[in-house]
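As written, the chains take the letters A, B, C and D, and residue 1 is the first residue of each chain.
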Amino acid sequence: MTASTQAIPAGTDPRRPPGDLAIWIFILAELGVFAVFFAAYAFTRMNHVELFNQYQQHLDRRAALINTLALITSSYFVVRAVAAIREDNPRHCVNWLLAAVSMGLVFVVVKLGEYHHHFVVEGVNLSTNTFYMFYISLTFFHFMHVIMGMVILSAVAVMAKKGKYSAREHTGVETGASYWHMVDLVWLILFPLVYVMR
Amino acid sequence: MAQAFTKTMARNIFYGGSAFFFLLFLALTFDTSGQLPSRDNRAALDGPMGETIAKGKELWEKNDCIGCHTLLGEGAYFAPELGNVYKRFGNSIDGIKGFIASRPKDGIPGRRSMPQFNFTDEELTALAEFLKYVSEINTAGWPPSDNG
Amino acid sequence: MTYKSQSVAKLYFIAAIALFVAQILFGLIMGLQYVMGDFLFPAIPFNVARMVHTNALIVWLLMAFMGAAYYLVPEEAETELFAPWLATLMFWIFLLAAGATVAGYLLLSYSDLADLTMNEMLPTMGREFLEQPTITKLGIVVVALAFLFNIGMTILKGRKTVVNLVLLLGLTGLAVFFLFSFYNPTNVVLDKFYWWWVVHLWVEGVWELILGAILAFVLIKVTGVDREVIEKWLYIIIAMTLITGIIGTGHHYYWIGTPEYWQWWGSIFSAMEPIPFFMMTVFAFNMVNKRRREHPNKAATLWALGTAVMAFLGAGVWGFLHTLSPVNYYTHGTQITAAHGHMAFYGAYVMISLTIISYAMPLLRGRNAANPAKSQTLEMWSFWLMTISIVFITLFLTGAGILQVYLQRVAENPQPFMAVQDQIGLFYWLREIAGLIFLVGLVLYIASFFVGQDEPEPAVAD
Amino acid sequence: MSGKKTTLGLRPCTWVYLFLMTFTFVTFLVGQMGLSGLTVSLLILLLALIKGELVGYYFMGLGRVKGLWHWPVFIWLFIPGILIGTAFYLAS
């Protein structure tokens, strides 16, 4: 049992995922797209193993490591934010959320550095080769999700700051949290698949 | 109590999701615009035949060729694909001109026939050059066969 | 009918049905020309018949959408239309423009029409579905702007419901994306690229918002289910529509000179395009099953459910069949595309138009809720005849398409286009027969407006 | 912060967090050492799937959800996992 179990407000249906069901429909759709993209990457690689292995070496694994750690940490902060609001502590909730957003910012800055290297220094684009097509498509699509997630978390933080959430009613926090964890989840597969597996 | 599925959230997803994917679409469009010069044979448009090709496209549109034919697979499916007709005619401008010029005025009994448009030689050249230009666009290997 | 100004919708609906008839008649001419190549040649060449067929379709759907908006916006906003006279005026302008354009297609050669309308000043003609003279296009823009102004002001001064908002958003998108029809560069790739911003972003984008809003409105009315429930479903369905449909535009960018990554982006996103249609089917049946009243207008309910099912089949399933780029490589620009086009347009947009007409017309004609039983029975017969015919048209065209793909593109010795067309003539004959049955359905549909008018309405069981 | 179930003074989510960080370092080191081949790839994939399930189970909170919604992340990891594994197996 997790720490937060005890703080579930009375009346919450244990068969429903945390947050608004609408966001889960959206999450499922997004996960679906990423799943197809991952499978497409793997099966295309089958016919271009040499090419994929060669250009994978051009990627900045250290940057990807920092980004993975940033996203995991950020996700952890969001978990703490949800726990805080369940303990009826909006002030802590806001702080954890802001910490999570700043980790997201770390991700964005590092990723932009990576893109700068590939796009400007190396002069790579979507049409350079199949590997870069997948690398750019996957990471850029994910990158936009990170930005979207940061916007959502910021909005949730503002609402929390205004005192809209409490231990009794905090669906909004859970909704934003679920989306952010999805962004993290996708990266956890993307990182080994694109940067490490060869 | 927390509501399971709210209209507000559905609305936010609609606006947020649409804006998100439209921006992504614009980003891809931006990249495409950068890539097109290496694929869309615009060199031909800027070259010595540029004006002739432009004239050809005008004639192509003015006579609603797309109303029967397809061009790169788009149009009506009543008459042959013309995106690769230049190649199908053995890379021959004269072949295309001759075909268009020789259509019977009253059609062919019982069969589909292209109308007789009474083009001048200059117009025929323009149309043929236009079709040559289109045939040199990089279409990722489409169509699968020369028959279109 | 609650508000007097709603009655302007009647004009639009009548004109829509008249143009529908024209569309079907010219469709039958084209169908015959497929097997008897010299039919009506050179009086009505195939391209002219096709222009009338497709443009009449587009215009009558626009008419029906506008009629629907004039009917449901005041009712939702709970106020009279901002300017009923403007709606009437725009109707006549639109009808005249459409009539003059069709007359131009039929009486003049297309190139003479281009000269007459001074196409060379701003060439926009001669592109599929956008064949209208530039001046007609400008007319459409004027009508659309006046229309948007009118319903926008109505919504502003009245109650703001989700149905109205989504409808307005869809109609605004329709007008905005139509502006790309004025961009016509010599560069064929650019031309095609932005041509799809009109065509695709209409039918697989903003039109689906209109479709969703009309469907939601009719379902609220005929099922009596709580507005909140229907509205949140509407939001989530149109969200999925745009999420999948916008990047789904990429399925048109496989073979027209655009970069090859579109094959991935287009395949992945358009493969998800059936999802919103599936959700719509589930949604419609759910709402009807949970209905809180027995609305006497059974025909309208049937049309609404039919829309949900046929849109999923035509747009969802038949679209998915050929949307993946490795499949599309072989099927692009064949009768497979035609098959999909027929069922998708009928299932989604024709049926939603007939749904709102079926719901609103009895009220516009002064009835309490519905047509008499006799008239409804006839209407339901026409529903089944037209729907089953379109299924068969689609199946026959799919058969023709599969054979065409094989003989012309896959076989060891691919044959020329015309040689293949000769071999698949049987399918075209069958398609033409199905088309004739569709016409019978359409005649019954029109007859349903005239039979049993003296009989009493079915009782309202609220 | 009173009365919370902890292990060695840390909340379960904190433990999960530490596991995730460790696994990430392992994955990174494998990359840095230039290890390659099917076995290594599949092990890394397995590690990634476990990480994903940890996020789904603990962070997203699906672990304590009963019924259908217990499974989406698990299934999401499972199917692409199998597909990616198969593709790498076929490629080697």
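Assume a contact is a pair of C-beta atoms (placed from the backbone, for glycine too) under 8 Å apart; a residue touches a chain by one contact, two chains touch by 3 or more.
Chain-to-protein mapping (UniProt): A = Cytochrome c oxidase subunit 3 family protein; B = Cytochrome c; C = Nitric oxide reductase subunit B; D = O-succinylhomoserine sulfhydrylase.
All values reported here derive from a predicted model rather than from experimental measurement.
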Two chains joined by the most C-beta pairs in contact, as defined above: B-C
Chain B and chain C: spacing of chain centres that average the CA atoms, whole Å: 24
Computed distance of Cα centres, chain D from chain A, in Å: 14
Chain A-chain B separation of Cα centroids, rounded to whole Å: 41
Whole-Å gap separating chain B and chain D, where each centre is the average of the chain's CA atoms: 48
Interface hub residues of chain A, defined as touching at least two other chains: 16, 22, 25-26, 126-127
Numbers and ranges of chain B residues touching at least 2 other chains: 5-6, 10, 13, 17, 20, 24, 31, 35
Touch-based graph of the chains, sorted into line, ring, star, complete or other: other
Chains grouped in pairs wherever the two touch, ordered by label: A-B, A-C, A-D, B-C
Contacting residues of chain C [partner chain B, same complex]: 30, 33-34, 36-38, 41-42, 45-48, 50-51, 110-111, 114, 119-120, 123, 125-128, 131, 162, 184, 186-190, 192-193, 228, 231-233, 235-236, 238-239, 242-243, 246-247, 249-250, 253-260, 262-263, 265, 329-330, 332-335, 337-338, 408-410, 414-418, 420-421
Residues of chain D that touch chain A when the two form their complex: 1, 3-6, 11-14, 16-17, 20-21, 24-25, 27-28, 30-32, 36, 41, 44-45, 47-49, 51-52, 55-56, 58-69, 72-73, 76-77, 79-80, 83-84, 86-88, 90-91
For the chain A and chain D complex, residues of the former touching the latter: 1-6, 14-18, 24, 27-28, 31, 35, 38-39, 41-43, 45-46, 49, 53, 61, 64-65, 68-69, 72-73, 75-76, 78-80, 82-83, 87, 174, 177-178, 181-182, 184-185, 188-189, 191-193, 195-198
Residues on chain B engaged by chain A in the complex (per definition of touch): 1-6, 9-10, 13, 16-17, 20, 23-24, 27, 31, 34-35, 38
Contacting residues of chain A [partner chain B, same complex]: 9, 11-13, 16, 20-23, 25-26, 125-127, 140-141, 144, 148, 152, 169-171, 175
